[in-house]
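Note sheet for the following structure.
A, B, C and D label the chains in the order they appear, each numbered from 1.
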């Protein structure tokens, strides 16, 4: 046996999560970029809403990348990093490492299958959109 | 008057094109990456099907980028480049410039509004998927 | 209908704004880099004055990118970010996100049509140059 | 059900393949770089032998990336690309796409679980090293 088995979000579910997040963003009245990553931290689905800020394009992906990497919502990372001066000084500026809200892991039966990252509104709004995406695919926000 | 008005594909249409292309890929039996760009040559929607080759991830975007840039299908570019030795030697290796099939401009009422780029199958298959995406949104392949 | 209509700064106006900003920089006695972006946050016009610092080359673009993305002058972003610890720790070091002065959105009839970013002097001087550029094309600084 | 299950090479097996390839390289008398990728086309194990050419560093990875993407040995890709002018002009220079020997997919029970890419000798020697690596983990060269 030379391999392990891993689970990863399927394309249809990734699209479903992105579309539910988009609906929430419309409801809130913001335009966001939405990235869904798989469990290998690679892009699976992406949507840039009309009028979303262009700088949000990469931030959405980076939030998903951070969440899939550490199986943690991005805002959760800030809580412990902020108490650790070397990390606070160092890792907050590491490329693609995001410490503010708007990224969540996607977990199924206790196993990481992907992540969602959203950027475009205030991060508290981005978080609401993420949670709507997670709810639509039957995953709670960890 | 300090500005011009440009048209650009909306998010819902971008998703619709991507999903129709995905359906065609399933029908053919291939797994592809699908990128829809807007008229400013920026990513609007993206879908990586389960099992699509990872190298196709960027090629799909680059085909869309090339098609949106030159309002030409990518395979059409090869036809005239191949008769021009300096271009043939030079531009074929320029970053993000793709000369084989699988990228198409999206044109509405004679105006470029975006592009679609697909990679994962042979380029003749990728082209079929593009055409299915264009047909679904009422745009013919130019 | 598969598209939306967006307004974006035209080339002649972009040049006019850049040249007015250059005049102001000469008057102040500084050498700056000037970037004008369109409403899709893409470079439309650029001018590097004789003697401008090379590090300013990208900063000018990034100020324009930030302003076009968030429809806010760059210095205005610092005001609210500085009160929000996770954003202060995180987004201030995000690539291309600038929180000090010298970037302004360009707005016509209430619609974002582009942005201007200037770097080379102290940011308070860069801001003066931006405002001269905006005034020359009949747009107030938001 | 929101996910699919995929198999991917485990770390111990990746190291085993790399070490067997290294043994073969020593036997031949060359110094190579060895990259083992997982089924998501991400680096799993890497070894740069003493004296290996630095340019081989990335080529080894890119051979693995190409093989994992297309489930094909890199030299096999050249055979059909060379008969197709647009692909020959275009994809041979695509970043990370390698068409000469030294990359192989790793397949277990008919399923892709990763790939191995080696660079440093002539590609025919690199291929010998790959095959030694595959043999050591019970996978034949496809």
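The rule is short, and it goes like this: a contact is a pair of C-beta atoms (placed from the backbone, for glycine too) under 8 Å apart; a residue touches a chain by one contact, two chains touch by 3 or more.
From a predicted model like this one, the values you see are computed outputs, not experimental measurements.
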Item to check | Averaged-CA centre spacing for the pair chain B and chain A, given as whole angstrom | outcome: 26
Checklist outcome for this item: So, in whole Å, the Cα centroid of chain C is separated from that of chain D by 46
Checklist outcome for this item: chain B to chain C, mean C-alpha position gap in Å, rounds to 31
Next on the checklist: Can you list every residue of chain B that touches 2 or more other chains, as numbers and ranges?
Outcome noted: 10, 42, 50, 54
Checklist entry - What graph shape do the protein chains here make by touch: line, ring, star, complete or other? => result other
Checklist outcome for this item: Listed by label, touching pairs are A-B, A-C, A-D, B-C, B-D
Checklist outcome for this item: The residues of chain D that touch chain B in their complex are 4, 40-41, 65-66, 68-70, 84-87, 89-91, 93-97
Checklist entry - Which of the residues in chain A end up touching chain D in this complex? => result 1-10, 13, 38-40, 42, 106, 108, 111, 113-114, 137-139
Checklist outcome for this item: Touching chain A in the complex, chain B uses residues 10-11, 14-15, 19, 22, 42-50, 54, 57
Checklist entry - In the complex formed with chain C, which residues of chain A make contact? => result 50, 53-56, 58-59, 75, 78, 81-82, 88, 92-93, 95, 98-101, 123
